[in-house]
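In what follows, chain A forms one complex with chain B and a second complex with chain C.
Moving on to the complex of A and B:
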């Protein structure tokens, strides 16, 4: 009986495990294996070269820039997104009625919008001539000449970072809002009686109590940003002059444009390592919160 | 009663209210103005779309762009076909993935052992793997299986992409259902299968709906894998169709606006109907996963 139960349990999870194994884990091993070869798609012969591909990559100026850009891209859009999202979350949590509920629905829109729509719309807003951003800034008298937001080496990366922040802010808003609602009212009442003003309450009550929500939000958002290939690829495709190249677009190009399979694989393995660091810190912090709560 | 519960944060009631609505209005505008922009431009004629400076309200509203997109003129972009493909892929993915995830979630929730818990950690690990890392080998694997440029290949890929998350949702979902109900049914002579179908599934329906909605939304908007797995236009999904407007030589902004709205509308409909499911899913992913 007990043995049958165990077999039943394993056979229930088997189909899902097979699909995940075949389409998620096997590709990773395959990427790691390929990274130790010098395979180029257009050349039939290839051989085992150990860490040579990695050494080549690390010496490569464009790869190094892509790595640096990835850090800026991930950290920048996460911090910006969590900041705006957090503010929205706290504000929505202030009232609890039909209107705030409707607004919390609207706020989710950027998060559920397909990447392609986000990229297309923002590329248009940023457009030098017919973009609404330049036209608005012009009317306000903030700029004299139209700015080529996505075509400028200096502005392109901040511009795409802003779009990503816009896209993921709802995640921060949702997390902050839901854990803000968990703060007992008495704490605010007590602070009120003690004469704590808005900023004092924010500093001494809200932020400390939301600490874990914010940390988890940051890590989760970072993971989301790292998954994202479409925004940069469609808006700038790494340009101008590879100034917005990030690891995911780099991997994509190395493989599907230059056919350097092994280099692309090695770059994706490095990317993977980067992600594991973030994921592991998420797991560790999450465990600590979870253990604390239960 | 609930309406004034949270108001201790800022003191004066009037200041609080006025400030509250002003800030909220600004934020909302910030969130929504790209969509308003799309909406306004979808009714402009081509001359006006390219007008400098751009305008918010179309002077001569027209449905020409809608007609062009639906007819697929100028760009050989058959939108009805793209939408059909996306619906096929999205629905198959959500049915397939929700089914697999429910089986696995039920297994993980009810048959706990050290070995099972180890597999659950494997799922958790898969949850965090990034698309860009597996995209190259996956392209090779799909090609080897003879599934390149086939919708079925994309369905399998999307299923695999959403499955870790859905399984995780599903474990939490089934754990929340008390096992003694099924045990009672088993004692009454039901088989496990009957107990599962008659007692557990109805109680799990909110969770099942959440996971169906999530997998459909992800599949509907997914771009990078569709890009490398599909080759011919007849097999394109909606995001790929939309991308052809952006990347090819000339951007047809008026048609782009319409196409973007077509892509966006199902998402907005789902969001307005299943708002609570989506929130629950995101929060479950964040707090339990």
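Moving on to the complex of A and C:
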């Protein structure tokens, strides 16, 4: 009976497993397989070259720069996004009325806008000659001449990181807001009686209790940032020079503009490995903390 | 009894349904269906996007046995669509592409050479086209892979003669030094001296390349094995860009300004001089400039004497909307008829200023269109004087070029960011480009 039930269970999930295998595992396998060849679509002949593609990739200055920029891009966007998202989440969780509900909706706007619209809007805001950012800063007397936000080697990467952080902050706000509302009111009341002010409550009650939500939020936003292509592609396309080149844009160019399939696959595999390492490390730390506390 | 009647009735109904369905399927299979030709076209001006559906409709009407199904895609999607179609073994029968793509597509073994597979059609088309364009553009190893109604030619300079005159400037600059002098005067009067397109867009890099070619530079050595991008013509061109930048004669944010945004600055009267290719007036018109407003074009100034190792080029020629046939097509005999329609004088005439304006036509008949003289006075004058295509050569077309343009863009940006000198930047670019080229010539 039990055996029959097991067979029934497996056969019921089999179609879903086939689909997952086809759309998730097969592309990963194919990318890994292709990375061991030297396939360029515009050259009919290609052969197995083992790790040679990886060696060339790692020796490539542009790839190394893209990798470095990706680390800065991911860490910067995630930390900034979760930090501001967290603050917004705590603020809007303070009350439950029409105003806070309305603000909750407004906060979602960056999250629901398509990447293309976000990139086009911010490219216009940052525009050196007609952008409203320069116009505002000029009127406030904070700058004497227009700043080349996206054309400056020093400012371009922080500028796009800020846009990505703006994009993901609502996710952090939602996570923090919903977790905050799960904290029993009696804890805050007890803390008030003991004389704890807002910041003390934040430090000793809110942050420890929101730890798991923040950890999950950081992991999710990090994965989302890592797979984002449109923001950098449409705002700077990796420029000026390669100052904002990230692995997503690098892989895109290798594959769709230069037709270098094997190189693009190898870069994707390295990127995938990077993501796995980050996610696993995170989960291991998260599990240790959880085990320790329980 | 009732039960039996019911069963008989249901049996008759079921039989009738089966017979009708089988009959319909049989009829569909045996009926003569028109041959379907799948056609992808990419990018284009608004006037061209309105013209293509009419052209397809007209062809379908004239050829009842063939149905051409045209789908338009944005210009930026051209490589992705072809690549994914290639991988999925789902390519169309016909496409329109720039001639720069020929080497890559031939490398992928997906293009038909018209002179080999359709010699009769090829021979019938030849007399309609300007020989310099016909013999060079969309060719590889002597074979013809694309047929197009126009060519992008460059390098060109755009200017508003009224503005320059009001600033006390007469004539047009013909040398780099005169160009800088003009730009300085324009700047002193509160305008942007030159609107410089220096983004990573391929068109911006092609404008740079055109200037280098006009000064005796070439991408590759004559044997095609050595990259020559650090030659004196390229260095002088990059020095010009550097000088313009250092003196503040260009708009701020040049590295984020592509050729369209740069043109807008000139069109809006914010910049005195602009640079690009012949499509300047086409884009300006697309941007909404008044129909009767024509911006003046002239050839871009040159360094005197010519610094390059090779003969200076008059113009580079790049096919922009060349029709190409995929070797995977199963309906080539039908598809060639549409190519023939595209190459007919009735269709080619459209690129003579009406309705499509601002293009340099590839066919003789388009130059006879009265609208061409009205909307392209500079090009018309040169064509009539038989000097337009003097010393014109095809824009480079070899595998790996797309990657090399990006490397060139990096070099230009490094100089504009003042991180290095033009010679050093181009030396580095030469090494990187050589590595790219070596993979294809090995």
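Here is the rule we use: the second predicted complex is superposed on the first by the 257 of 294 C-alpha atoms of A that agree within 3 Å, B and C clash if a C-alpha of one lies under 4 Å from a C-alpha of the other, contacts with A are read in each partner's own complex, and residues count from 1 in each chain.
Keep in mind that, in the parts below, a residue touches a chain if its C-beta (ideal position, glycine included) is under 8 Å from a C-beta of that chain, and two chains touch if they have at least 3 such contacts.
Remember, it's a predicted structure, so these values are computed and weren't measured experimentally.
S.K.: Assess the superposed three-chain arrangement around chain A: do chain B and chain C clash, or do they fit?
M.R.: Superposition check on chain A flags a clash between chain B and chain C.
S.K.: Once chain A of both complexes is superposed, is A:44 in touch with chain B (first), chain C (second), both, or neither?
M.R.: A:44: touches chain C, not chain B.
S.K.: Is A:242 touching anything from chain B or chain C once the two structures are fitted on A? First, second, both or neither.
M.R.: In the superposition, A:242 touches chain C alone.
S.K.: One more residue to check, A:158. First (chain B), second (chain C), both or neither?
M.R.: It touches nothing on chain B or chain C.
S.K.: Touch check for A:105: first (chain B), second (chain C), both, or neither?
M.R.: first
S.K.: Touch check for A:256: first (chain B), second (chain C), both, or neither?
M.R.: A:256 contacts both chain B and chain C.
S.K.: Going by the contact rule set out at the top, does A:129 touch chain B (first), chain C (second), both, or neither?
M.R.: both
S.K.: Per the overlay, which chain contacts more chain A residues, chain B or chain C?
M.R.: Counting residues of chain A touched by each partner, the higher count goes to B.
S.K.: Is there a shared patch on chain A that both chain B and chain C touch, and which residues make it up?
M.R.: The answer is residues 123, 129, 255-256 of chain A.
S.K.: Considering only the defined contacts, which chain A positions touch chain B in the complex?
M.R.: Those in contact with chain B are residues 5-6, 8-13, 15-17, 19-20, 22-28, 30-31, 34, 84, 87-88, 91-97, 103-125, 129-132, 135, 138-139, 166, 169, 171, 174-175, 178, 181, 185, 188-189, 191-192, 197-198, 201, 216-217, 220, 223, 226-227, 229-230, 233-234, 247-248, 251-252, 255-256, 261, 264-265, 268-269, 271-272, 275-276, 279, 282-283.
S.K.: If you look only at chain A, which of its residues touch chain C in the complex?
M.R.: Residues in contact with chain C: 40-44, 123, 127-129, 145-146, 148, 150-151, 153, 236-242, 253, 255-259.
S.K.: List the residues on chain B that touch chain A in their complex, please.
M.R.: 2-3, 5-11, 16, 20, 23-24, 27-28, 30-32, 34-35, 37-38, 41, 49-54, 56, 100-101, 103-104, 106-108, 110-111, 113, 115-116, 119, 122-126, 128-138, 140-141, 156-157, 159-161, 163-164, 167, 192, 217, 220-221, 223-224, 228, 238-239, 242-243, 245-247, 253, 256, 260, 263-264, 267-268, 270-272, 275, 278-279, 282-283, 285-287
S.K.: In their shared complex, at which residues does chain C touch chain A?
M.R.: My answer: residues 79-80, 83, 86, 103-104, 107-109, 199-200, 251-256, 265, 399-400, 402-403, 406, 409-410, 413-414, 416-417, 419, 439-440.
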